[in-house]
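Order as written gives the chain letters A, B, C, D, E, F, G and H; numbering starts at 1 within each chain.
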Amino acid sequence: MDQQEVKAILNQVAAGSLSTEDALLKLKLAPFEELDIATLDMHRGVRQGASEVIYGAGKTPEQIDIIAHRLWESGQKTVLITRMKESAAEAFTKDIPFTYYREGRIGLVGSMIPPRTKGYILVATGGTSDIPVAEEAALTAQIMGNHVERIYDVGVAGIHRLLAHTETIMRARVIIAIAGMEGALASVIGGLADCPVIAVPTSVGYGTALGGVTALLSMLNSCASGVSVVNIDNGFGAGYLASLINNMEGEKE
Amino acid sequence: MDQQEVKAILNQVAAGSLSTEDALLKLKLAPFEELDIATLDMHRGVRQGASEVIYGAGKTPEQIDIIAHRLWESGQKTVLITRMKESAAEAFTKDIPFTYYREGRIGLVGSMIPPRTKGYILVATGGTSDIPVAEEAALTAQIMGNHVERIYDVGVAGIHRLLAHTETIMRARVIIAIAGMEGALASVIGGLADCPVIAVPTSVGYGTALGGVTALLSMLNSCASGVSVVNIDNGFGAGYLASLINNMEGEKE
Amino acid sequence: MDQQEVKAILNQVAAGSLSTEDALLKLKLAPFEELDIATLDMHRGVRQGASEVIYGAGKTPEQIDIIAHRLWESGQKTVLITRMKESAAEAFTKDIPFTYYREGRIGLVGSMIPPRTKGYILVATGGTSDIPVAEEAALTAQIMGNHVERIYDVGVAGIHRLLAHTETIMRARVIIAIAGMEGALASVIGGLADCPVIAVPTSVGYGTALGGVTALLSMLNSCASGVSVVNIDNGFGAGYLASLINNMEGEKE
Amino acid sequence: MDQQEVKAILNQVAAGSLSTEDALLKLKLAPFEELDIATLDMHRGVRQGASEVIYGAGKTPEQIDIIAHRLWESGQKTVLITRMKESAAEAFTKDIPFTYYREGRIGLVGSMIPPRTKGYILVATGGTSDIPVAEEAALTAQIMGNHVERIYDVGVAGIHRLLAHTETIMRARVIIAIAGMEGALASVIGGLADCPVIAVPTSVGYGTALGGVTALLSMLNSCASGVSVVNIDNGFGAGYLASLINNMEGEKE
Amino acid sequence: MDQQEVKAILNQVAAGSLSTEDALLKLKLAPFEELDIATLDMHRGVRQGASEVIYGAGKTPEQIDIIAHRLWESGQKTVLITRMKESAAEAFTKDIPFTYYREGRIGLVGSMIPPRTKGYILVATGGTSDIPVAEEAALTAQIMGNHVERIYDVGVAGIHRLLAHTETIMRARVIIAIAGMEGALASVIGGLADCPVIAVPTSVGYGTALGGVTALLSMLNSCASGVSVVNIDNGFGAGYLASLINNMEGEKE
Amino acid sequence: MDQQEVKAILNQVAAGSLSTEDALLKLKLAPFEELDIATLDMHRGVRQGASEVIYGAGKTPEQIDIIAHRLWESGQKTVLITRMKESAAEAFTKDIPFTYYREGRIGLVGSMIPPRTKGYILVATGGTSDIPVAEEAALTAQIMGNHVERIYDVGVAGIHRLLAHTETIMRARVIIAIAGMEGALASVIGGLADCPVIAVPTSVGYGTALGGVTALLSMLNSCASGVSVVNIDNGFGAGYLASLINNMEGEKE
Amino acid sequence: MDQQEVKAILNQVAAGSLSTEDALLKLKLAPFEELDIATLDMHRGVRQGASEVIYGAGKTPEQIDIIAHRLWESGQKTVLITRMKESAAEAFTKDIPFTYYREGRIGLVGSMIPPRTKGYILVATGGTSDIPVAEEAALTAQIMGNHVERIYDVGVAGIHRLLAHTETIMRARVIIAIAGMEGALASVIGGLADCPVIAVPTSVGYGTALGGVTALLSMLNSCASGVSVVNIDNGFGAGYLASLINNMEGEKE
Amino acid sequence: MDQQEVKAILNQVAAGSLSTEDALLKLKLAPFEELDIATLDMHRGVRQGASEVIYGAGKTPEQIDIIAHRLWESGQKTVLITRMKESAAEAFTKDIPFTYYREGRIGLVGSMIPPRTKGYILVATGGTSDIPVAEEAALTAQIMGNHVERIYDVGVAGIHRLLAHTETIMRARVIIAIAGMEGALASVIGGLADCPVIAVPTSVGYGTALGGVTALLSMLNSCASGVSVVNIDNGFGAGYLASLINNMEGEKE
């Protein structure tokens, strides 16, 4: 039952051709969701800003091309394509504004949303092998309208490299701590910082690294407060969440 | 927004004191679910029959007592209490019809629903230790209105014990196959029967039985078709599902 | 010992050339199963209908070709080939009626069995990547003689997309809920529907999706009643079981 | 080297009895951390507000009593004691302001910090068994200065119960979604809300619930964006993190 | 259909009161298994010797008492009760010959079967904590009619203790190697011996011993040939299998 | 210290140039093992018969070629090469007697050892995909001097196929039961047979078959007595062990 | 063959009553190990110093009492009893020098071995709950003759607490890093120190701490060099190994 | 704040233009780490000797080339490149001294550090497939300045092969025991030796070898004292740690 149908019922009630009891029955029996989906969607559109996301893994270059163009044509100002292979980027029809970020495997249709806060999201990695995940996180946050600082390869085995960035850590509004192997980076950063820390385990490592499960378990058991965790290698999820938090509207009582 | 409020809006439209546009807006903005929950619940009530279920584990005897009495007083004819400890049954206020089935750890307020089909659900176990789970399943099915046949302790290690019941197996409308340890019962029964087989792994066994995980994995990998699986020791779930299937209305084109 | 041999023994007894004791011994020693296998097989043939299934994985195109032709020549009206690669379909000798359904990786020799009920089996997926498994399930059910409805890509993250199909869900006779990642679709559908729900976890996802194990565990722990689970990616098993249930003959007492 | 020693060095420099070169050398060689710990701690004190936390599990009532009193005497206005057993609460020396919240197993010395924002943190649970964890989360957030809304027992198996709270969900600034068993609540809430969602798996369930691991895996694989996860049963961690996020200072460019 | 019924049919055929056709039909329709169970069981009885086994775990002292007495009264010369608690042994009605072996938790009704071979089964353990499992194995083998040698506490950490028994190891007909922790005993014994080695992992150990899983995995991966494995702590199974092997009838061509 | 050195010491003692005390000391200090290895090896050679085994996996064709030739040249009558790729067989220098068994991936240098017993080892598989492992087992046993019977594709889902071979099962001296997926074959055969059953899980299956772990766990938990288990896909180990058991010399007291 | 027998053979050779050839044969055939065990044991005695160890877990107070007294009476100067319950310590017959260390659950018969090096072993823990394991390690090392420094409760969540001990860390000869939960302490200490670090995971934590497995995995994946790991809660093993390393004799070329 | 800034503050104090209180405050507020990192690094440089390590896995040949050349040019005398592919070695610009060790996948720029002790590190493997890991360990130790002895393919299944090396084992200063499959080598060697044993599990094996996890678990549960474990296949880590231990400076009190 769409809005036209509801309106028709209401009109019948107004015209006296339908009793309120019958109208109530009709509305009661109507599949409840049809009425509200549009509303719901509109709300989401308004709140989440202009960014749409295409999850590129498991989609053909053609599929990505078509979906991205449709979104652009429907007025979307910013379309983020994650896990986009270089070959898909090369095959992309470049008749609309398109940028490809190789390291983060991210395609951008349109332009980045300008930052709305002065503060920054800090993206830190334990090693150089974690950088692709980090770039996915960092670019997601930048595209969604955030300043981003990066400090890469500051694993805890050389704790002084990390401590050299203490001030940058302490001044961040949100931190994304990315590490494979033993994932201790999240705990140490969580101990230094007072802001929310989003930990991203990566599949970097071998043997008992178990494809990221060890880092994940380690991060979930962080003895530092303020740390939460997303799925292994989920840079996009961390960047998206960090953007949500960074853009919280302060509202003091 | 409950039905009274919707009715009020419709009355205003009927009286001409509210335009159809404004009524539509009010309805659109109303949290969509309030309108439909009653409907939904009524539908469920009608379809699922008169049975209500209380999951007894983790509830105090007092909580069970109160909830069961309320349901009875609200007109519920059959209330099924699962995982009910003997002490809770003893403490139950017996001013309403109440029966306790010790082996299946099930309490029944009111009376069993009479069977609606002539066929039966077969409940089979691999060993005697599986019987509590089997009784939970069997009683659930009986209370919900089904004939139930039981063949217990027919594990595959003595395949002839099981084969002695071939005819009972072949004539069942639905079979619940319950086994711990290696869980092979489900596969063998699945190979003999043509009807749906619901496999229930139990936590019976030691060492690599892994608390039922081995039986579960075994059942999920059954090479027989027509077998599906529920959670470890979930006799209630199997009985409930078997009842749903057994009461399917046949409707030939 | 086949029936001729049993008859020979009986004839000897009738003729007095064999004592009843010796006859008993002969029968006792006879491998007990030979007597009954034919019966058993005939029963299965009668009950399961005309469909035979070839599990294509791990078979060469030649093997599939030969087996399918033999079954067809022996009078089988419908032969279902699952997990059939496109290359095997291309190499198939097309001198008998053959159709290949690419997305579901299913080959069909002969024709679909006409539906015997008016109701339908609903096949729902959480995402688009689950569609190959869904098509395996849907086509299996169709070939075995069922109406099938499909609602794909209605994952719970956009719950409104799913709720838009509430009526289709509520009217289904059996539902196959297919999802990877966190597998929550089965629980939500299980909560909306009153009919049996067969949950199929898929290997879609990455990291802690653990190749489908997470979805499997989630589905086994569904808080909704009426849900059972089959092996990861086992579309065929779900379709087969759904057909069994959908074709239950209603028999009211 | 503590501050007195640094001051002594500086005094020697001021008095001319130590050259700047020698002073620099002394400072350089000093273990770097002694100089800065106080600073660091002061910073943390300033930023995190007046709340101190005692992790009660594994501590004797006497230990808790002593630590809490010392913190209070050192000027701490609010001391939060988590995982505090009722017996420890009863044994607590009540010569300082003390409140015990039984359901959340939380002891409070001093008073709650008044909320600094008008918005609220929403704490939702799938079942009633999840409430102890939920109360730990909710009380932690309240004590740290936040408005908290609670909606309990809104598991996805009865999706309409959850949808009845759509507006409350949509208006929250941060949501803590708490569930055991299959943990689907986090995904559904994540799909409805635009704010950060902190998912807390609980050890509620049996069999393949695996003591909370299934809910955890499910939540990590949530197909909804904006969801992150903390350790099983870690209500405190979720409440603490939610408070950090809710108290973000909005700072538009 | 038991043998009496079959005989009756045959008698009718012999008497001419039943045609061979009708007799064939009756036999064909008879559930096939009823004919053969007695046969099957008798065969097993003959081959396996006079021993019957009661699995005592999960049975009440009363149940054990009743079953054991019935078996004795039905002519069983030797009844083996495994996992029998001391309390059950004390409560046992001693009006029939009964011996209780505390360390192996085994009860024996009747007398041990005299050994039929001159050779011996060797039972070896890695540590003293493995002895209860070892005694279960050793006594099972002794009761079933085998000479048994024991060498306990010869773990590989003190390899010389084990090597001191090289001759005993080399002369054994079958070896049961029992160990917890890292389970290396099976590999080392397997490397020294030429006979079949049955490895029994035990739940001895802590931490990553994982309740016997580590020893199990280790034994399954033994680089020595001739080693096979039974379930964790399954002393009975090992003793039973060792007896089967030791009593193999040599039959040279 | 080799035998020459020991002999030299003894000669010195015989000549009176070395006291018995000093000789004892020298022998005591000598690394104990050098003296005995030859003995040990000779013993093994005598007992195990003329067969040598080369584990082909992870060896280059050249390495296999060289080792096999050396063994042949040193007088070995039978050399068994397991996990030998077809390419390695093709590259093998055929100047010595060589046979390649493709399905079992086994190469044989020299000739099979003639069977020493009249009885047979039975090799049974659940499905056709298990045949490579089965052939590895069967050929190993044949090469080591055993009669072997094969019954393949008799999985428990069609229990009648298996029961058709009851007599063959009951007459076997040793049975190797090979199955993937749920591995129930071992339990059913174990329940039918009185002889030792060696269960071999295979990596056949998908999803929760977990690469053979499910079959392994299932087999370890077999409720049938007399069953033991070897590593996943370890056909050679099963064949070797079966041969050891089948060639046990019967020795009645 | 013990030393007396070897001596007898040598005497016969010396007396000319046994040829050297025959003597060689006798020695060759003698089970090799009997000759050398004493030697081996004596060697171990000499090298490992005067300490003997009794693993107290799973032993009765009486057993511990007897073994400890026997070792003392046979001249052992230092007997270390690990995992000794307080009740066993109370029941210990105090007629020989005995000290009980409650926190480390260690009993000491005789006296500590005086340290042989000036340097120290550092024992560090992440939290206060790790102290029992730490004391087991520290006391083991002290009893075996080492100086030990302790820094407890220096988990990485408050990295400054750990850094305050940088000098103590850098000057240690061996470090034992003990932590539960996420076990990051080992990595951070490993990054600061140049000496061997022995990491001990503890079973401290809840939920995904998995009884110490998370800390174990984390430590095995430490990105710092020089770190190795022992079993969960294995304080004794770490202390023993640290003592071995600390007492290495320096031997420059 | 770098050293110039500290010097400036000190100069101001010396000049009387800054009070000691203000100077203290300035120093206290300075980010603590900047002052000390250089110091820290210098310390590490001095202590660890001249060797630098490049982890070659996941780096392109170009990256390895550049980093190695930079380290050489900055005065590094020995640069160790681990997990270096043969192709990377071939592509390496050979204008500086470079050696490639194929079996251990190690590249060496410059020359090995001459051994500083007379004793040796023993590297032992269970099988020939473990040799690549063993060579990584052995070469790492050699390059860092140690004598290394190798005994390969001495798995416990042929315990005599291992015992033939008893003296070599007993005389080693540190032992690296490397094994896949069941990993029993570490326990047996640990039982023979008195020195520290570093166990390295390898991913050699199939089925339940679980990619090295079985060997790892086995080694962690070694019943021998003095054994610790590193990550699966981590030859470098073992060689590095062994070198640290072997180069301990003996310092008797």
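We take it that contacts are C-beta pairs under 8 Å (C-beta built on N, C-alpha and C of every residue); 3 or more make two chains touch, one makes a residue touch a chain.
Source: prediction; values computed, not measured.
Any chain bridging subunit G and subunit H, meaning touching each of them, is among A, D, E, F; the list is complete.
Counting C-beta pairs in contact across A-C and across D-H shows that the higher total falls to D-H. At the interface between subunit C and subunit D, two copies of one sequence, more than half of the residue numbers in use are shared by both copies. Of all chains, the one whose Cα centroid sits at the greatest distance from that of subunit A is E. Subunit A and subunit G, compared by their mean Cα positions, are separated by 50 Å. Per-chain Cα centroids separate subunit C from subunit E by 40 Å. Residue positions 32-33, 36, 40, 163, 207-209, 213, 216, 220-221, 225, 231 of subunit D are each in touch with at least two other chains. All chain pairs that count as touching, in label order, are A-B, A-C, A-D, A-G, A-H, B-C, B-D, B-E, B-F, C-D, C-E, C-F, D-G, D-H, E-F, E-G, E-H, F-G, F-H, G-H. For subunit B in complex with subunit E, the residues that touch the partner chain are 128-129, 160-161, 163-164, 166-167, 204, 206-209.
Of all residues in subunit B, only 126-127, 155-159, 163, 181-184, 187-188, 190-192, 205, 207-210, 213-215, 217-225 touch subunit F in the complex they form.
For subunit F in complex with subunit E, the touching residues are 43-44, 47-48, 53, 115-119, 170, 173, 194-196, 198, 216, 220-221, 225-231, 236-238, 240-241, 244-246, 248-253. Interface of subunit C with subunit E (complex): residues 3, 6-7, 10-11, 13-14, 16, 19-21, 23-24, 27-29, 32-33, 35-36, 39. Residue ranges on subunit C touching subunit F, taken from their complex, read 31-34, 36-37, 40-41, 57-58, 201, 203, 211-213, 216, 231-234.
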